[in-house]
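These notes are about the structure you will find just below.
All chains are identified by letter, namely A, B and C, in their written order; residue positions are counted from 1 within each chain.
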Amino acid sequence: MATTGLNMAKRNYIVHPHKFNLWLAIISLIMVFGGLTSAYLVARSMVKQPEFFDIPNLLWINTGIILLSSFSMQFAVWRVRKGDEKQALIGLLLTCLMGIVFLFGQYSVYQEMVLGGNYFVDPMRADDSVSYFYILTGLHGTHIIAGLIALFFALIKTGFKMYKPGKKILSIEMTATFWHFLDLLWVYLFVFLLFTQQG
Amino acid sequence: MDAQSLLSLTKWLLVFIFFLVIYSMALVLRLKKIDPFKEWNPTKINGGLMMLFFIVGTIAAVWSSAYWFPKFALVLDPASEHGVSLDRMFWRTMIVSIAVVVVTHTILFYFLWRYQDRPGQKALYYPHNNKLEVIWTVVPAIVMTILIADGVRNWHDIMDPDEATKEASIDVELTGRQFQWDIRYPGVDKELGQAHVKYISGANTLGLNFDDVKTHDDILATELHLPVGVPVHVHIRSMDVLHSPTLMQFRVKMDAVPGMPTNFYFTPSVTTKEMREIKGDPEFEYEMSCQQICGGAHYNMRRVVVVETMEEYQKWLSEQKAFYTTFKEMNPGMDEGKTADAGDIKEIGTLTSTN
Amino acid sequence: MAESNITSDFHLEVGDHGHDDHHHHEQGFLQKYIFSQDHKIIAKQFLITGIISAIVGITFSALFRLQLAYPDTAFPFLESLLGKWAPGGIIKPEFYLAMVTMHGTIMVFFVLTAGLSGTFSNFLIPLQIGARDMASGFINMLSYWAFFISAVIMFLSIFIETGPASGGWTIYPPLSALPQAIPGSGLGMTLWLTSMVFFIASGMLGAINYITTILNLRTGGMTMDRMPLTMWAFLLTAILVVLSFPVLLSAALLLFMDRLLGTSFYLSDIFIGGEVLHHAGGSPVLFQHLFWFLGHPEVYIVLLPALGISSEVISVNSRKPIFGYKAMIGSMIGIAVLSFIVWAHHMFVTGMNPFLGTVFMLFTLIIAVPSAIKAFNYITTLWKGNIRFTPAMMFAVGLVSFFITGGITGIFLGNAALDIPLHDTYFVVAHFHLVMGSASAFGLFAGVYHWFPKMFGRMMNPRLGYIHFWFTFVGLYLVFFPQHFQGMGGVSRHYYAFTEFSFMAEFLDLSKFITYAAWFTFVGQFFFLFNFIYSIFRGKVAPANPWKSNTLEWTTPIKPQHGNWPGEIPSVYRWPYDYSKPGLKDDFCPQHIPDEELDYEDGFEPPKPVKPKEPAQTEGSKE
C-alpha cells in the first residue's frame, strides 16, 4: 500500500468528522463551565452568610459587543460561501475587532471591580463569590483568545483566497461555530452572574 | 569477610546456580528440539486447574473466614444501639452476597470444566433468550429494592434521630488536628461555648471564645468518657485538614471538615467493663481512630473511649477542671471584664453542614 | 496493491500530509515510530508507556506492602533505594503515603485508563469498524504526546526534594492544598496537578476522536447493531471521558488557584503550623463533589473497555455468540448513564444532607442490576460452548470472577448505613481492587494476549501465558480476598502501620500474609514481561486469523500498514458473533463474507442471497 493519504469510502456525512470533533470539544467545554457554575451554586448554598457585590454595568456593553460579533462572523461565512472574499474579509476583521474590544472591556471590568474593593483573592471576605466571578470570566476570556487565534487563521485563508466556494470552507465554518459557542457561553455566564448576585 | 556475609553470598550463589541449571536444561531441550510437555493438552489441564482452583479456593475461603471471624470488630459485638440493627443488616446483606458469589462461581467453574474444547464438538448456537434475561433483570431488581428499603430505614434512624433523643442527649465535641483529638465537654451549663480558630492564642489551642460565658465551664479531656444508655450528640470539628473520628465498636464515623461542623448521634449500650467480659479480654478498651487520610501520623490518632454507668461518668466529670480556670491561672493578667453571653450560636463555622 | 482500488474522493484535511503524493513510500523513523499518526503505532506507544507505568506503580506497592508486613523492621536496601525517605531502612510515614498516592494515581490513570483504553481504543476502533484510521490522526498523535508529557511530569515528581503528592489518589484538600500539612503537598502536588492537566487533555483528545470515528467512519454494512461489543464499550467509555474529565479540570483549576494564589475555594477556618490562615468560605466537600463527579465515571472508564474486551474474547474462545448482545449493550448504556448520578456514594459520611444520601444510595444500588445482567450473560455464553483455554480466554473468565466477587461488595458500600462503619477501611480497598484493579488488569492482559498477533505479527508463548495467568489469578485473590477480613475488623486504609490500635493489631499476621501474596503476584508478572518483549522479536509468526475470529481486524494483512487494508475496505454482512452457526462447515463466519460465499454443510439449504445493507453512510450521525 503506497499511500499515506487516508481515504474513506464514499459517504455523505451529515456532519463532517472534524466538525463532529469540534462539537464534542464544545460539549466538554460546556462540562467545564457547567462544573464551575454548579460548584459556585453548591459553595453558595453552604456559606452561612453569603455576600453580594455589584456586577459592573460595563458588562452589559461587553455582552452587546460579543453578540454583535456573532453576526459579523456569520456574515463572513455566508460571504465566503458565495465566494465573495472582500466582504468576508470585512466581516472577519469586524469580528476580530469586536473580540479584541470585548477583551479590553473585560479588562476594564476587572479594573472597576478592583477599584470597588472586589479582589480575586480577598482574605477578608467570608465567601468566594468574587473569586468565582474572576474565574468564570477569566476562563471565558482565555477561550476568546483561542477563538481570536482561530479567527486569525481564517483571516489569512480568506485573504489568500484559500477557500473554494461551495467546498473546502470547513475551517471557517468551524471557527464560526466555535465563536457562536463562545458568544452563547458568555450570555449564559452573564445571566448566571446577574441572577446569583441578585440575592 | 565474616561468616555472615559468606553465608549470604553462598545463598545467592546457590540461587544463581539453580537458575543456571534450569536455563541450560531449557537450552538443551530447545537445541535438541525436544518438547517435554508435548503430550500435555493445555485445554484439559487448564480446565482441570480451573476446577481445582474453585474447590481449593472455596475450602480456603470457608476456612479463613471461620478463622478470622472472631476478630471482626466491625460486625461483631456492637456497642451502640444503632449498631445492633446495622450489624443485622450487614449479615443479611452478607448472606445474599455469599449466595450470589457461590452460585455464580459454581456455575462459572462448572461450565469451564464441563465445556472444554473437545475434538468434534460443536458449540450450541444460542444468541439470546429473552425470558432468561428478564428473569435476571427482575430478580436482582427485587433483591436490590429490599436491600435499599432496609438501608434507607437504618440510615434515617441513624442520621435523623427523633426529637426525644436529641432532647435527652449529652453534648461532647471532638476536634481533629494534626495529629490528635481534642475532647471537650460542656461543663455544668450543659452547653458548649463558642469556639473558632480565630480565637486561638497560646494555650487556648481550641480557640474558645472566652467572651462567651458558656466556655468558662467547658472541660478538656484526654479520654472520651460516655455514660451507658444515654444518647450522645457528638459535635465534630477540624482545625486543619479533613479527619474522620471513628469509634469502630460503636459503628460511628463522621468526617471532621474544617469550616463545617458536623454531627453524629448515638447511644452507647455496653460499658467497657461489660465488653471486657463479652470479649473475655480484661485489657480490652474501646478505641477512637481517624479514618480520613490526614498526614504522616494519621495512623496514630488514638484516644481511649470509656463507657461507664451514669454515676461513674458523673463522678469522673466532676473531677475534671474547667479549662478556663486553668487558662486563667496560666495567664494571670487576663482581662476579666469582657465576659458576656455571646448569643446562641454554639460553634462558629463559615459553612453549614446541610449542603 | 493497485492504487486504483482506492477511491480517494474524500480526504481529511488534517493529518493526511501529501495525499496527492502517492509515492510517499518511505517515512523517516521519527515520523513512522515517534510522531506517528497511524493509530496502530499510537496504540503501541500507549501500551508500552502503560506497561512502563505499571512497572513503576507495582514496584511502589511491593515496597509499601513491605512496610505493612514489617512495620518496625529495618530493611537496609530500602535506604539505598529511597535515600532520605527511608532513614535506617525504615520508610517514613510521609513517604509511605506518597508511595500509596503515586501507586493509586499511576495505576488508575496511567495504566488502567491510558494504558487500557488508550491502547485498545486506538488499536481496535479503526480495525474493527473498517476504517483506514482515526478521524483525525493528528489529534490522535497529540493525545499520545499529552499523555507522555503527563507521565514524564508525574515520574519526575517522585524525585523532587519534598517528595511527590501524598494526599491519596483522590487528593482531598485541605491536605493537598497546604504544604504545611504534608511535604508532598508542596511542589509535588503542583506537579501532580500539572501532570493531570496534560492527562485530561490527552484523554479528551483521544475520546473525541474515538467517538467521531465510531459514529462516522464505519465501513459499508457496519451498522451500530453489528458492531463488536468492544466498539460499544469504547464508545461509551469515550462518552464518559468527554463528559466527566472536564469537571476534573474545573476542580483542578480551583485547587491550583487555592494553592498558588491563595483563594479559598476549598478552604475555610484553618489553623495549621501555628498560624490561622486567612481562608473563609470555601468547602473541602465541594472538591469531593467535583472530584467524584469525575471519579465515579472514571472507575467505569477503567472497567468498560475491559468488559468490552472480555465479551469479545469469551465469545471467540467459547465458539459461541455472546449471549444477549442487545442486553449487553443496554446494560453498558445503563451503567454509563447511572454512573453520573451516583458520585456522592463516596461521601456518605462527609456530613452531607442525609436525604441526599438516600437518593444516592438508591441510584447506586440500581447500578447493581445492569452489572448483574452482564455477569449472568457472560456465564451463559460459556454454557454448551466449546471452550478453548487460550491465555486471553483465561484472563477474560478471570475478569468475570473478579467482577462478581468485587462487585458484590459494592452492595454493602452502596448502602449508606453500612458505609458508616465500612468507609475508608480495607473493605473498600478490597472492593475496588477486585472490581476495578484486578478485573481491568485482566481485561488488559486478555486484550494483549488476544491482539498481540495483530499488533506485532507474532504469537506470544501460550505456556508462559498460562503460568502468568495462574500466578496472577491466584495471587490477586490471595491479596485482596483477605482484605475483606481486615475491613470487617475495622482496619483503616492509608495507615502506615496497624500497630497503634489493638483491634487492628489483630490483623498483623494477615497483613504479612497479604504481603507475601503480593510479592508472589509481583514475581508472576515477569513471565508476562519476558514473554511480551521476547515475542515481539522472536515469537512464532502469526497466521492471518489465529483465533478463527469473525471480526474485521483479522482480514487485514498480518502486519497491516498505514491505511490498514491494501485494497478496498471490506463490507460487512452480519453481526460479529456468528460462531458455531448451524449449517455452516466452519464454526465461525467472518463478518465480511456474504452469505452466498459461505461454506455450507452438505444438504443444508443456504439462504437466498440478499443484498447487503447499504453502506453505513450517515447512520452514525443519526444515532
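Note that a residue touches a chain if its C-beta (ideal position, glycine included) is under 8 Å from a C-beta of that chain, and two chains touch if they have at least 3 such contacts.
Everything numeric in this text was worked out from a predicted model, so none of it was measured.
> I need the chain pair with the most C-beta contacts, please.
Pair with the most C-beta pairs in contact: B-C.
> If you average the Cα atoms of each chain, whose average lands nearest the overall Cα average?
If one averages C-alpha positions chain by chain, the most central is C.
> Could you grab the centroid distance between chain A and chain B? Build each centroid from C-alpha atoms only and quote it in angstrom.
47
> Measuring from the mean C-alpha position of chain B to the mean C-alpha position of chain C, what distance in angstrom results?
Distance between chain centres: 28 Å.
> Could you please state the distance in Å, as a whole number, between where the Cα atoms of chain A are centred and where those of chain C are centred?
The answer is 34 Å.
> Spell out, as numbers or ranges, the residues of chain C touching 2 or more other chains.
Within chain C, residues 280-283, 285-286 contact more than one other chain.
> Mark out which residues of chain B touch at least two other chains, giving numbers and ranges.
Residues 260, 349-351, 355 of chain B each touch two or more of the other chains.
> Which chain A residues touch at least two other chains?
Touching at least two other chains: 42, 46-47, 126-127.
> Report the residues of chain B in contact with chain A in the complex, numbered from low to high.
260, 349-352, 355
> Would you tell me which residues of chain C are touching chain A in their complex?
1, 3, 6-25, 27, 131-133, 135-137, 139, 204, 207-209, 211-213, 215-217, 219-220, 242-247, 249-251, 253-254, 257, 261-265, 278-283, 285-286, 289-290, 293, 561-563, 565-566, 568-569, 615-618, 621-622
> Okay, in this complex, where on chain C does chain B touch?
Touching chain B from chain C are residues 92-94, 97, 167-168, 172-175, 178, 181-182, 267-272, 276, 280-286, 318-327, 349-354, 357-358, 361-362, 365-366, 368-369, 372-373, 375-377, 379-380, 382-389, 394, 397, 400-401, 404-405, 408-409, 411-412, 415-418, 420-425, 462-463, 466, 470, 473-474, 477, 481-482, 485, 487-490, 492-498, 500-504, 506-507, 510, 577-582, 587.
> Flag every residue of chain B that touches chain C in the complex, lowest number first.
Those residues of chain B that touch chain C are 37, 42-43, 46-47, 49-50, 53, 57, 61, 64-65, 68, 71-75, 86, 89-90, 93-94, 96-97, 100-101, 104-105, 107-108, 111-112, 115-118, 121-129, 132-133, 136-137, 140-141, 144, 147-148, 150-152, 154-156, 158-160, 177-178, 196-198, 200, 207, 236, 239-242, 244, 246, 248-249, 251-255, 257-260, 262-263, 283-285, 287, 289-300, 302, 348-351, 353-355.
> With touch defined as at the start, can you tell me which chain A residues reach chain B in the complex?
Of all residues in chain A, those touching chain B are 42, 45-48, 126-127.
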